[in-house]
Amino acid sequence: MSELAAEDFAPQRVHPARATLKRLFHHRLFVTGLALFGVIAIIAALAPWITDVDPNRLSMRNKFLSPNGDWVFGTDNFGRSLWSRTVWGAQLSMIIGASVVALNAVFGTLIGAAAGYFRRLDNMLMRVNDALMAFPAILLAIAVTSVLGPSTLNVILALGIVYIPRTARIVRSSVIVLREMEYVQAAVAAGAGHWRILRHHILPNAMAPMIVQLSFLFAYAVLSEATLSFLGVGAVPPTPTWGNIMAEGRDYMRDAPWIITIPGIALMITVMGLNLLGDGLRDVLDPRLRIQQ
Amino acid sequence: MIRVAIGRLLSALPVLLIVSLISFGLMRLIPGDPAAAIAGISATPAQLAQLRVDLGLDQPLLVQLLRYYEGLVQGDLGRSLLLGKGVFAATMERLPVTIGLSLYALVITLLIGLAAGIIAALRQNSIVDQAAMMFAMIGISVPSFFLGLVMIIVFGVHLGWLPTGGYIPFSQDPLGWLSSSTMPAISLALLQAGLLARITRSSMLEVLRQDYIRTARAKGLPMRQVILKHALANALIPIVTVVGIIVTLLVSGAVVTEALFSLPGMGQLLTQAVLNRDYPMVQGGLLLVTTFLVMVNILVDVLYAALDPRVRYE
Amino acid sequence: MKRSFLASSLIAAAFALPAAPAMATPFQCPTRGGDLVFGQEANVNSLDQMTSSTISTRNIAMNIFETLMTRDENNNPILELAEAMEEGADGLSYTFKLRHGIVFHNGKPMTSADVAASFDRYKRIGLQRSTLDNVAGWDTPDPFTFIIRMSRVQPTFIEALSSFSVPIVIVPAEMKDDERQQLRTIGTGPFKLLEFVPGSHAKLGRYDGYQPNTAFEQRTGFGGYRVACLDTVTFRIVTEASARVAGLETGELQGVEDVPTRSLASLRSNSNITILPLQNWWIQIALPNTATPPTSNLAFRRAVQAALGMEDIMDAATDGNYRLNVGFQYPNQPTYTDAGKETYNINNAARARTLLRESGYRGEPIVILTNRDYPAMYNAALVMQQQMQAVGINASLRVVDWPTSVQMSQQVNSTEWHFFHSGWGTQPALGALATMQFLVSPGANYRPRDDKDDPDVLAAWNDMNNLRSEAERNAAYARMQTLVLERAYAYPFGALTKVQATRATVQNFVPFRIPRFSNVSMTR
């Protein structure tokens, strides 16, 4: 499949940054996405200043308060402030999402570029890649977090292992096409080293699909972390991640539905913002790339 | 086309070998005592010690690995520690649940996704288009477990329209199956429907821009015929790819959905197996599931080759 | 001295049902028929009652299978498939006279050959086969006599034999060689298995060939006079608590277990629903790791003991549905004692700080090991952490899953954890003997260094097992409980209540260790 996508993939001139930015900020989806995501990101960044209660402080006398004037988002079964927990949860979601994206940007590019550029490595790398992609993603993540033990760092690593093969695959398809381009061949003929060719001629042109992929990846990472925590194999409780809050509120969904609804909506806004952002980036940077896994 | 199929099948073998190695290794690395998982909260230390001996968990790793491959060669996937029965038999017991659920979800996905995508493309930039794309955007942004929970609260708990969980086999009571599977299928299908709607729309738009469509329309062919005969046929190529991806996602999504709605399918079987350290079940079950998914991908590639003569594989 | 069990079982029956007139007729179904669906919280993997110790298996299987001896409502041993039992004067034999006319679900009459074959299978693969460690063998002199020969005297043998933890259920002789977890589901009980779909449901139907035990007039505990009134009972696995409650409200389910406390208020106001609290479901407990500092230090362990406030811990663990309880037995049990009660629920921060200074504690990190598979344990650990922090202990949580926490807690001389959270359900219900095995090697939950028991605790335990008179054994238990509490080898927080509920149409459903469906009927 990816071979085909690569076949009619033409090299693009690197967009002059300013023109690209201008086009982005005139793109309605991008701006909407940026706004949604931005709000959550700002709240996440301001967490220490906009919450006054420790998200883990128990207060058994105040348990199960529905949202009201004193407790904006209400309290949970331990009387913990859901405002504090949701806001700190936003911060953790951002950290986890950004870390998974960073891991993918580095290792996905390295593996993808190595496989696409050095044909001898290709077969071996891609078979392992295929094997990792053949597992149902969530089961692989459950198994990996079970091995590593529950913690925020391990969730990041597990999601890295699940998603890096997918990123590597996209980078590889771009690199394969770019490697055959005349200007790259000319550089090879001129005796340029592999590193130089990769760095100066291939990777810059493979950036566009990467950036688009990474913006969607951010969304998947946030979503997957919540799912893992919800299934009880994510960040270690009582860490206030959205998935943890929802998992702990699950037994009370009938009588205290706000516990799961509030982080659920926050999660939805974040993911939707990122998806819109990704759509905008794709339209502007890489209009030909359509199929997103 | 047959050559494509054979080539892909051969290249799948090393992948499956690696899959089997990874699942073997992962399970042995997971800390935790299978005996404690199997014996449950009320077991005494003496019972746990007894169970460990009974399960033969004291063999060296290499011996266990060799036994595993020896069994595989003879077509024996091993025996589940938790269920006491063969891995293949246990899988076959649970498979109909997941297949039924996935098919139901696939039907919903195709109906909603294709319809929304086609209508949006035909009425590009209209209100209908925007509404459809808004829906698709929500679809790909709502976590399926959250959607499931909300549906349980609303339709199960408060309105009481649909059962909140449990499974009724189709063979026993088709209507009961339909009512017990509807919420899980919807929560599973929404993401994929959103995905499909987006792809269908952009593929259709691409095709509608092509010269031959314009020609066909200029010749005065009825719109309906143009869409069905020309546009849709050509838009089908990327759509087939996405359906392949969707099948993979459905199997993955079933893990969460089955857990939420307590459906006795493959997803539950494998999740429980991982959480209970049921080594043979995880190894064998994962191998079966990945084999199935790899086969789906091969099928997609072959279909692709059949639909689009330009595709040539090395 | 020959002791006959026939007489004492009748006494036990009379005790269980003080309201029943002396010569009343046995229980009769007020109505017959009906299909009851019960929402069960935990998955069932196998119905092999000989090799499975899980509560979820017992829930279903104990309506299908029966044993020679079981326990009554007050946990006293009673006869079930035997009509009499005599202990030899030397304590080296037990002779059972089997009841006549018992027929298995497959139509075959039960004889001593079946009993012997069942014991053979249990000896081979039964999970609690250590019960038979002091048994030399068994004989079947005639079709209705079964004799157990002991290799040494074990005063507690009948207590062990009648245990429902992993009972020796009696099955047809041809099932002797059935593999582990693969026992064919054919018993002698009032219900027979119609259909079992693991992960989904098990459907039981009335067994018309059932022979009620006429030594009794009413159901008691796991035995007594039992009869199936309902046509079918379906155990449906509904893991989501809210879904169970919703199912009960809509009438999809006629009974459920483990109702969340939060839902009780609205259910109580619903006249279609009967709430049935099952007190003393388990003892919420934490155990220290005495192999590693600072929990190896008695003053430190006592400091923690002084810091704990049981109301908050139990409130969080149960959402408010609990009873404060000292020690390892419940007040309604014959062996209950509140010995050592001055160690319980001290909740005195000043005293805790003093003890802490005495112990020389310098802010070393303390790890509380817990899991989220059992929310009560996680919740209790969270509050315990906060109470320890409040007196200046640097406590942190380590949340893993249940299998991992058990594995970690059982490592000899582990330095990775200091307090392990658990819940003791089945064993306290079975009695002091079953419970206190958790406090001696090899399974001592407080993990003494190199697995070397505290000699005083061990001495008390040996007395509990070996003294011939029951009163002496009970006194030994009181000594052992006091030692364990005073030396802070365990922190029992209190007794957790598990709430069951049924539709109001369901009659005579009395909560017990399992949901019992004999003598339960439904009005239309």
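Which chain is which? They are A, B and C, in the order written, and residues in each are numbered from 1.
Here, contacts are C-beta pairs under 8 Å (C-beta built on N, C-alpha and C of every residue); 3 or more make two chains touch, one makes a residue touch a chain.
If you want to know which protein each chain is, UniProt gives these names: A, B = Peptide/nickel transport system permease protein; C = Peptide/nickel transport system substrate-binding protein.
Computed from a predicted structure; not experimentally measured.
**Student:** What is the shape of the graph in which nodes denote protein chains and edges denote touching chain pairs (line, ring, star, complete, other)?
**Tutor:** Shape of the chain contacts: complete, all pairs touching.
**Student:** Between A-B and A-C, name the chain pair that shares the greater number of C-beta pairs in contact.
**Tutor:** Between A-B and A-C, the larger count of C-beta pairs in contact belongs to A-B.
**Student:** Taking the mean of each chain's Cα atoms, which chain ends up nearest the overall Cα mean?
**Tutor:** B
**Student:** Would you kindly tell me how far, in whole Å, the mean C-alpha position of chain C lies from that of chain B?
**Tutor:** 40
**Student:** Distance from the CA centroid of chain A to that of chain B, rounded to the nearest Å?
**Tutor:** It comes to 21 Å between the two C-alpha centres.
**Student:** Taking the mean of the CA coordinates per chain, how far is chain A from chain C in Å?
**Tutor:** The computed centroid separation for chain A versus chain C comes out at 47 Å.
**Student:** Considering chain B alone, which of its residues make contact with at least two other chains?
**Tutor:** 31-32, 152-153, 157, 259, 275
**Student:** In chain A, which residues are in touch with two or more of the other chains?
**Tutor:** 146, 149, 250, 253-254
**Student:** Among the residues of chain C, which are close enough to touch at least two other chains?
**Tutor:** Expected reply: 240, 242, 245-246, 400-401, 404.
**Student:** If you look only at chain A, which of its residues touch chain B in the complex?
**Tutor:** 1, 3-4, 127-128, 130-132, 134-139, 142-144, 146-147, 149, 219, 223, 226-227, 230-231, 246, 250, 253-254, 257, 260-261, 264, 267-268, 271-272, 275-276, 290-291, 293
**Student:** Using the touch rule from the top, collect the residues of chain C that touch chain A in their complex.
**Tutor:** 240-242, 245-246, 260, 262-263, 266, 312, 315-316, 319, 372-373, 375, 378-379, 382-383, 386, 397-401, 404
**Student:** Which of the residues in chain B come into contact with chain C in the complex?
**Tutor:** 31-34, 36-51, 54, 82-85, 93-94, 152-153, 156-157, 160, 163-167, 169, 259-260, 262-265, 268-269, 272, 275-277
**Student:** Would you mind writing out the residues of chain A in touch with chain C in their complex?
**Tutor:** Residues in contact with chain C: 58, 60, 64, 77-78, 146, 149-150, 232-233, 236-238, 247, 250-256.
**Student:** So in the complex, the part of chain C that touches chain B is made up of which residues?
**Tutor:** Chain C residues touching chain B: 43, 45-46, 48, 51-56, 125, 127-130, 165-166, 179-182, 197-201, 236-240, 242-243, 245-247, 249-250, 252, 374, 400-404, 406-408, 410, 422-423, 425-427, 434, 437-438, 442-443, 445.
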